[in-house]
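Okay, so subunit A shows up in both of these, paired with subunit B first and subunit C after.
So, the complex of A and B:
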């Protein structure tokens, strides 16, 4: 036992979208870079989910036996806004989650990652189905949508109340940014002409050990200095509004929930030429997980793909390979 | 954020049926990172040379099996627009686009599961009709 690695196939979404890699190519790539497993968004790379055809299941089965990768996590979404005119009722939502549990089981997954903001009230009515199929329902705790956000806190409270091995969390390392992602500032400056002073201020805030989610909480509105640096909303607002998705939390924010960690998203914005991630200290994160006896997977989730200029090639394969090299090395060092 | 997914280059062309040009169409990928039922497409808009196409003239298909008006799509919860499979947006207009160069703008807007605002993607392409 020990910490194992995985790649969220989300990382390679543009290869798939542009028809450069099939799902088979992607599985091969993950195997070739020595990751132990995969995480998938069925809505992204499988057809007809959550009720795929038998033919789709047969293709999936062939792929999973060919590459023998751990089937780590199934990322699902609850389409509460399926219709323009109304929100889905609780009964409709619960039925949708049950369908997803059945599909996750059929695909071979034991963990479902529920997207942030999934309502806590789906848990109790879905628990029996989760137990029957052996699938844990785990909320994603993501920067800007995590601890201190009402819907996430409600979910965490419900998780503590029900205290089931079939309910847990998937923390995302966007919570632990020690530097604001450089790639985002570069993108916004080049594409929209974002004010360099605004970007510099964001860097300083992180250097001072805080972040914009915390400042917004403190002020009850956008940090006044950040607001004062928005000179032209067309150029600056996108960058400014996006900043609260990166938090600079202490690892100890996970302490009360550590036994519920079923899987971890290792967010990747930018691997540098030195082979480290620009914003996140993965040694610090892995040390914490190891110290707390975590022996699940940690999955590369490359999100730098959103911040590549339109006429530039997305270096997704290179970034994912470099990140895996880093975390595999760190795990070896830490576990001995 | 998903602008580059919109309006696949080189796909805009006039549509001929029974020897007549009935309109024009273009292909686009989804403005999201996963497939969604058609009812979650918030709207689609087309503009040609700065003039907006009437909504009722737009037809949409995710797979060339079923075609829908935008109004009809609001109720289509079982047919998905899959990620990685381009949909076709057709504008019904007798005679289609005239010969020459046109600036065609396509906007695709989707509702997502957890982001509180719909995600809009825009792309304008110069289309030459010969």
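So, the complex of A and C:
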């Protein structure tokens, strides 16, 4: 046992979208960089989800047999705004989640990551199906949509109330940014001309141990100093509005829920030339997980891809490989 | 996000007599159910072509207008498929280069939002709000050959 690594195939979405890598190529890549498993968004890489054809399932089965990677986590979404006359009813939402549980089981996954803001009331009615198929329903706890956000807190309370091995959480390390991602500021400055003083202020806020999600909570509105540095909304607002998605929380924020951690997203914005992630100290995260006896997977989720300038190639394969090298080395050091 | 890949290169062409067409991807990191697809802001050389002039072709079915598309609640647009946008424009576009501004309106989002009650009855005009992961109008230089 021990902590195992995975790659969320979301990290390689650009390669897939452009037809540069097939799913087979992606599985091979993950195997070649010595990751233990994969996480997937079926809605991204499997045709016809949530009801793929038997032919699609057969292709999937062939791939999973060929590469023998751990099938770690199935990332799903609930679109409650499907109808143009009304919101989906609770019964309709529950049926959609049950359908996803059955698909996850068929694909071979034992963990579903429910996207942030999934309503807590789906849990109890879906629990019997989750147990029957051996699939845990886990909410993603992501920076800006995590602890202290009403819908997430409702989910966590319901999880504690039901206290089932089939309900849990998937923390995302966007909660633990010790520096604001540099790549985001560079992108916005070069593409939109974002005010450098605004970017500098964001860096200072993180250096001072806080973040904009916390400041917004404190003030009940956008941090006034941040607002004062928005000189031209066309240039500055995108960067400013995006900042609350990066939090600078203490790892202890997970303490009350640690036994419910089923999987962890290791968010990756930017691996530096020194082989470390610019914003997140993965040693402290892995130390915490090890100390608490975590023996599930941690999955690279490369999101730096959306912050590459339009005329530059997205270095997704290089970034993912470098990140895996880092976390595999850290796990060895920590576990001995 | 991947705005620069939104339109398929060299796909802008005239549709005899009726207008023009081009091929698009989803401005998101995943597929979507068609009813979440609300049309396009399209600006070609300074001329806007509103949603009422647009049809969308996907999944091997004939082009449908967005009043039909919004009823396709359980028909899926797969992430890696190009769809084709048809635009009514009698006579089509002139041959040669065009500046194409485009913003896709897709209501993929995280949960029910405060604006959804209004939007299910009165969806916003494409180009007026962010849709999917596209936050602004993106411009392409394309050519009708």
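Quick note on the criterion: the second predicted complex is superposed on the first by the 334 of 336 C-alpha atoms of A that agree within 3 Å, B and C clash if a C-alpha of one lies under 4 Å from a C-alpha of the other, contacts with A are read in each partner's own complex, and residues count from 1 in each chain.
Going forward, contacts are C-beta pairs under 8 Å (C-beta built on N, C-alpha and C of every residue); 3 or more make two chains touch, one makes a residue touch a chain.
Computed from a predicted structure; not experimentally measured.
Asker: Following the overlay on subunit A, give me a clash-or-fit verdict for subunit B and subunit C.
Answerer: Aligned on subunit A, subunit C clashes with subunit B.
Asker: Is A:257 contacted by the first partner subunit B, the second partner subunit C, both or neither?
Answerer: In the superposition, A:257 touches no partner, neither subunit B nor subunit C.
Asker: Could you tell me if A:83 is touching subunit B, subunit C, both of them or neither one (first, second, both, neither)?
Answerer: both
Asker: For A:57, select first, second, both or neither according to whether it touches subunit B, subunit C, the two together, or no partner.
Answerer: Touch status of A:57: no partner.
Asker: With both complexes superposed on chain A, which partner does A:119 reach: first (subunit B), second (subunit C), both or neither?
Answerer: Only subunit C is touched by A:119; subunit B is not.
Asker: Given the touch rule stated above, what does A:43 touch, subunit B (first), subunit C (second), both, or neither?
Answerer: Touch status of A:43: both partners.
Asker: Tell me which of subunit B and subunit C touches more residues of subunit A.
Answerer: Per-residue touch count on subunit A favours C.
Asker: Counting contacts the way the document defines them, which residues of subunit A are shared by the two interfaces, the one with subunit B and the one with subunit C?
Answerer: Comparing the two interfaces on subunit A, one with subunit B and one with subunit C, the shared residues are 10, 13, 16-17, 19, 41, 43-45, 47-49, 77-85, 115-118, 145, 306, 310.
Asker: Quick check: in the complex, which residue numbers of subunit C touch subunit A?
Answerer: 1-5, 25, 29-33, 35-36, 70-71, 73-74, 76, 78-80, 107-113, 116-117, 119-121, 123, 133, 135
Asker: Which part of subunit A faces subunit C closely enough to touch in the complex?
Answerer: On the subunit A side, the touching residues are 10, 13-14, 16-19, 41, 43-45, 47-49, 77-87, 115-119, 145, 151, 238, 306, 310.
Asker: Touching subunit A in the complex: which residues of subunit B?
Answerer: Its residues touching subunit A are 1, 3-5, 29, 33-37, 39-40, 42, 74-75, 77, 80, 82-84, 111-114.
Asker: Note which residues of subunit A are touching subunit B in the complex, please.
Answerer: 10, 13, 16-17, 19, 41, 43-45, 47-49, 77-85, 115-118, 145, 306, 310
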